[in-house]
Amino acid sequence: MAELGYVGLGVMGGGVVRRLLDAGHTVTVWNRTREKADALLEAGARWAETPREVAERSEITFTMVTNTAAVKAVTSGPDGILAGLGPGKVYVDMSTASPANTRELAERVAAVGADMLDAPVSGSVITLEQGKLSIMVGGDRAVFERVKPVLEAIGPRVFHVGPNGAAVTMKIAINLSLAVQMLAFSEGVLLAEKSGIEREKAVEVMLASVIASPMVVYRGPFVLEQPEEAWFDCRMMQKDMNLALELGRELEVPLPTTAVTNELLTAANGLGVGDKDFAVLFDVLAAMSGLKTEVLA
Amino acid sequence: MAELGYVGLGVMGGGVVRRLLDAGHTVTVWNRTREKADALLEAGARWAETPREVAERSEITFTMVTNTAAVKAVTSGPDGILAGLGPGKVYVDMSTASPANTRELAERVAAVGADMLDAPVSGSVITLEQGKLSIMVGGDRAVFERVKPVLEAIGPRVFHVGPNGAAVTMKIAINLSLAVQMLAFSEGVLLAEKSGIEREKAVEVMLASVIASPMVVYRGPFVLEQPEEAWFDCRMMQKDMNLALELGRELEVPLPTTAVTNELLTAANGLGVGDKDFAVLFDVLAAMSGLKTEVLA
Amino acid sequence: MAELGYVGLGVMGGGVVRRLLDAGHTVTVWNRTREKADALLEAGARWAETPREVAERSEITFTMVTNTAAVKAVTSGPDGILAGLGPGKVYVDMSTASPANTRELAERVAAVGADMLDAPVSGSVITLEQGKLSIMVGGDRAVFERVKPVLEAIGPRVFHVGPNGAAVTMKIAINLSLAVQMLAFSEGVLLAEKSGIEREKAVEVMLASVIASPMVVYRGPFVLEQPEEAWFDCRMMQKDMNLALELGRELEVPLPTTAVTNELLTAANGLGVGDKDFAVLFDVLAAMSGLKTEVLA
Amino acid sequence: MAELGYVGLGVMGGGVVRRLLDAGHTVTVWNRTREKADALLEAGARWAETPREVAERSEITFTMVTNTAAVKAVTSGPDGILAGLGPGKVYVDMSTASPANTRELAERVAAVGADMLDAPVSGSVITLEQGKLSIMVGGDRAVFERVKPVLEAIGPRVFHVGPNGAAVTMKIAINLSLAVQMLAFSEGVLLAEKSGIEREKAVEVMLASVIASPMVVYRGPFVLEQPEEAWFDCRMMQKDMNLALELGRELEVPLPTTAVTNELLTAANGLGVGDKDFAVLFDVLAAMSGLKTEVLA
C-alpha cells in the first residue's frame, strides 16, 4: 500500500479518496475549505496544512480541481505542490485543464526530479460509486505502470493514451460529446412531446434505443426533473467546450456541433440557469419552442 | 402461430422474416426484386405475386420499405396491400416514413375495416441478430396487444408509444441523434488524432467512456475502416434528418444540432461518398481539417 | 403601350400594377379577394372575373402570388391562366416559387404555344417606390427582349440570368442572405448593447459601416421598433429558406449559415412572433440572452 | 496642424499616415520593420527609434497593430509608448484588440496623466482611399472632441460611441458580420452556379441586389479571382471572430451565425488557405460541395 496525497475534495475528488482509503492506502489530504475534508478525516485520511505538505508526505500526490487557474494555484508558490516534490515522487493531475498548461507543468515537475501524469476520468460520481469509472493517463509509460495499481483502485478501466497532455486532450475530446448528445437528445424529446407523446414515455423509449449512451441514461431523466444539485453545471460544461474549441482552432479541426451547442450553453447562462446541470439545455430549447418548463417557467 | 405477410426484404426486412420463421410463424413474402427472397423461400417462406396477395393470405401484413414513396407504392393501386385488407386483418408498417402519411394511411386502412399500426425499429441488423432490437408501436392499444406476441419474436423490447404516427415520430426523434452523435464523436477523434494520439487508441478510449451509446460502439470503429457495405448510408440518413427538420418546422421546435449535421451529410453527398455508411461524416470532417483519409484520399 | 394582365394584388403586386399604369399601359387585373383591387380600378385598371379571362385579354400576363401552391392555383383548372394562353402570348411569373415547379410550368405553357418567363424581384415595396427594384429573368432570351421594356417600367435593373427557373433560383440564392445578414446584425447589436452601448447608437454606427447592405439599412432600425405591418414576416422568410435548403440538398451544396438561421426562424414561430417582420430575429436572440424586448416582453 | 505620432505601418496604418500628411500634419512614425516606413519618410514623415520616442515627440500618438499582444508590445516596457506619455498628451489605439485590455490600458494611460481613446475603423484600404472610412471612438467625450478634427482627416464619419473599450466592442460587433455575410453570399453563389447559372452572372446579379453591402460589393468579386494579396486574411478574420465569441460568452449573448462561420474559417486554415483573403470561404464551401476552384484545385 502506498503513501498517497490528494488535493481537491469536491464531490468527485472526495469520492476518489474514499475509494483509495477503502483499498487500504494511506491518504493525506488538503482542500481550500477544510470542512469538505471532515468526513474523510473520520474515515482515516490525514490533514496537511498546505498542498506543499501533502506532496512532502506522499509518494504520489493527486489533484482534482476546477480549472487551469486552480491547478496553477495549488501547484505554484511557496505552499504549492511543486515546492514539495522531489526525486522519485509522482504528481498526478486528475483535473480537466488546458493541455498546453499540462505540458508546461510536466516540465516544471521534471525540473525538480519528479514525474507527472495527467489522469482525468470519464464518468460521474455514480460511475465512480459503481466502480465503473475509466481513467485516461498521459505521460511516461514507466511512470504510468508504477501508478497503475493505485489508479485501478479508483476505476477498473485505466488507459495509457500518450505523452503528457494526451489524456486531458482525450478528456476534452470526449466531453464535447456530452453537451452535444444532450442537446440532440433534447431535440428529439421535444419533437416527440410537441407531437403529443408524453415526455416520460419519450424518455423511456429513447433510453431503450441505440442512442442511449451511459451519459444519456444518467442524464436523460433530468429533462423530467432537474437534480437537487447539478452534477456538472452549464458553466463547467462551457469551460470544457471552450477548451475543445481552442484546441480545434489550434489544431485546425472544425467542430460544428460543438460550436453550435456551446451557443446554447451561453443561452442557458443568459437565461439565468447557468448553475443548473447542463441537462437544462432541454429547458432552453423548450423555451425557444414556446414551451415553458418547471425550470424556465 | 400466425399467418403473417411481409413486404420489403432488404437487409433489415429479410432479417426480421428469418426471425419470424424461426419462431414458427408462416410467412408469405413479396419484394420488388424477387432474388432477395430466394434464401427466405428456401428457409420456408412462401412467395406471393403482389403485395395485395400477401395481404389477402395473411392475418397480419408487415411492410419495411425505404421511404414514404415506397410505402405508397406497395399499399396503393389494384395490386396494393389496401386492396387485400379487410375486417379483422392488421397492417403493420415498420418503415420510417412521414408521420402525416402514416396517419392518412391508417384512416384508409380503417375505411376497409382493418387496423393499422406503425412499428419502426430502433437498431441495426446486428442488434436484430443479437435479439436486442427495440420496437416502437403507434396505434390502437387493443390492436397493439394483439400483435405484441408476434413483435416480441422480432425484438424483446416492444413499446406502445401512442396513436397512429406516434411511433414513426419517435423513430425520427431518435434517429436525428444517430447522425449528431456520430459527428460529435468524429470531432473528438480528430482533435485527439491531430494532437498526436493514434486514431485506434482514441476510438478505444472513447468506446470505454460515458458517451459510448450502442450506436457509437457499433459505428465508432468505422472511422478506422468503413464496412464493405453501408449499414445506413448518408442518403438514407439524410432522408430521416429531413423528416425531423420538416417535423421541427411544423411543430415549431428548433433543431440546431440536427440542422448543422444535415449540412455535413450534404457535404458527404457533394464529395461523392453519399453511398457510404454515414460514419463517413468522420472523413468529411477530416477533409475539412486538411487530413486525407482512405475514403477521401 | 401593351395590353397587360396582372394576377395577385398584394402589397408588392399592387405597387407593381400602379407603376405599370403610370407608364401608360392597359392593365387587366384579378385577385382572390376583390377589395384589394379597388384603388387600382379607380386608377384605371380593369377587372376580370377569372385568371383565365386576364390571360385571354392580355398580351403579357403577370402573376405575383405567395408560394408554389398559389401559383398552381391561379394557373391550373378551367379558370386558370393556362386555359387563357395561346400562341404569341407571354406568361411572366414574378412569385418566388420552387424552381422545379417553374420549369414544369414553362413546359405546359409551351405546349399551348405561349412563352413563359420567371421574373422575381429583389427588393421591397420601398425599393419599388424609389424606382430602384432589380428584376431577374429566366427563360428564352428573345422572349426576354420582348418583355424587357415593360419590366423596365417596374424597376430599372433587369437581368437575364438564364433559362426557365434560373431567376427564381437566383432569387432564392439572394434571399437566404436576408435572414442570415439580419441575424448576424442582431448578434452584433446585442453584443454592443449588453456591453453598455445604447441600442440606437449601435444601430447608427452599424448602418454607417461596410456591412450596411440596403437590406440592413431598411430593416436595421426595426430592432428599435417593429413596423406596424410586417414587410416580410418570419413564415414567408422561412418559406424561402426552405426552398434554399431543398435546393441545397438537391444540388449538394452545404448551407451552414442558412440552416442555422432557419432554426431561429422556427424559434420565432415557436415564441409566437412568426407573423412579425423577420427582423424579429433580434428579439428572439435577445430573449435567448435573457434580455426582454418590447416584442417579447 | 498637430504634432502627431503613428506606430504600426501596415497597409492600413501606412494609408492613414499618408492622409494625415496630406492634411498638413507633422507625423513621427515607428514600425517593427523599418522598410515599411521608407515611402512615408520620403513623403515627409519623421522616423523615431522607439515607440516611446514617438510618444515623447507627439501631442497625439496613434497605434494600429495586429492584435492585443502587439498592442501590449508597443505600449509597455522602457521603450513603450506609456513611457513617453505625460500630462496633456493623448494616445489613440486604432487596432482591433480585446475590449478588456483596452480598458486596462486606458487606466494605465490615465495614471501617467495622459488620455486614451480607442478608435478602430470600419472599412478597408479602398474605403480609406475613397475617403469614406468610418471611425468609431471610445473614451472621454472632451478628449474625443479634441482629437476629432484630426480623425476627420482620415475618414469623414467619426462617431463617439461610449467610454473606453466601447469602440473596439463596436468594431468586433460589426466585424463578425463580415465573415458571416461572406459565407451566406458564397452559399447563394454556389446554389446558383450548381444550378447552371454562370458564376460571373450570379455575382453580378447579387451585387445589384438588396444584400449588397459595401463589403459584399468589394469582396464579392473575389470569388471570381482572389486578389494578389489578401486584404484581410482568414487568420486575422478568425482573430476578430474569437474576440466576438469571447465577448459573447462574457456578456451571455449567443452568436449562432458567428460560431458556425468561425468553424469554416478553421476549415480554411486546415485546408492550407488561411493566408488568403477570407473570401476564400467560398472556395472552402465549394470544396465541401465537391466543386474544385482555382484556389483549392
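Chains: A, B, C and D, in written order; residue numbering restarts at 1 for each.
Just so it is clear, contacts are C-beta pairs under 8 Å (C-beta built on N, C-alpha and C of every residue); 3 or more make two chains touch, one makes a residue touch a chain.
Everything numeric here is computed off the predicted structure, so don't read it as measured data.
Chemist: Suppose you hop from chain B to any chain it touches, then on again the same way; how many hops at least until you reach chain C?
Modeler: Contact-graph shortest path, chain B to chain C, evaluates to 1.
Chemist: Chains in contact with chain C and with chain D: which ones?
Modeler: Shared contacts of chain C and chain D: A, B.
Chemist: What whole-number Å value describes the gap between the mean CA coordinates of chain A and chain D?
Modeler: 39
Chemist: Quick check: how many Å separate the C-alpha centres of chain A and chain B?
Modeler: The mean C-alpha positions of chain A and chain B differ by 36 Å.
Chemist: On a C-alpha centroid basis, what's the spacing between chain B and chain D, in Å?
Modeler: Result: the chain centres lie 52 Å from each other.
Chemist: Specify, in ascending order, the residues of chain B that touch 2 or more different other chains.
Modeler: 248, 252-256, 260, 263-264, 266-267, 270, 288-290
Chemist: Across the complex, what residues on chain C touch chain B?
Modeler: 238, 242, 245, 248-249, 252-256, 259-260, 262-264, 266-267, 269-270
Chemist: Give the list of chain D residues in touch with chain C in this complex.
Modeler: Per the touch definition, chain D meets chain C at residues 99, 122-124, 127, 134, 136, 157, 159, 161-163, 165-166, 169-170, 172-174, 176-178, 180-181, 183-185, 187-192, 194-198, 201-202, 204-206, 208-216, 218, 244, 247-248, 251-258, 260-261, 263-264, 285, 288-290.
Chemist: Going by the contact rule set out above, which residues of chain C touch chain A in the complex?
Modeler: Those in contact with chain A are residues 256, 260, 266-267, 270-272, 284, 287-291.
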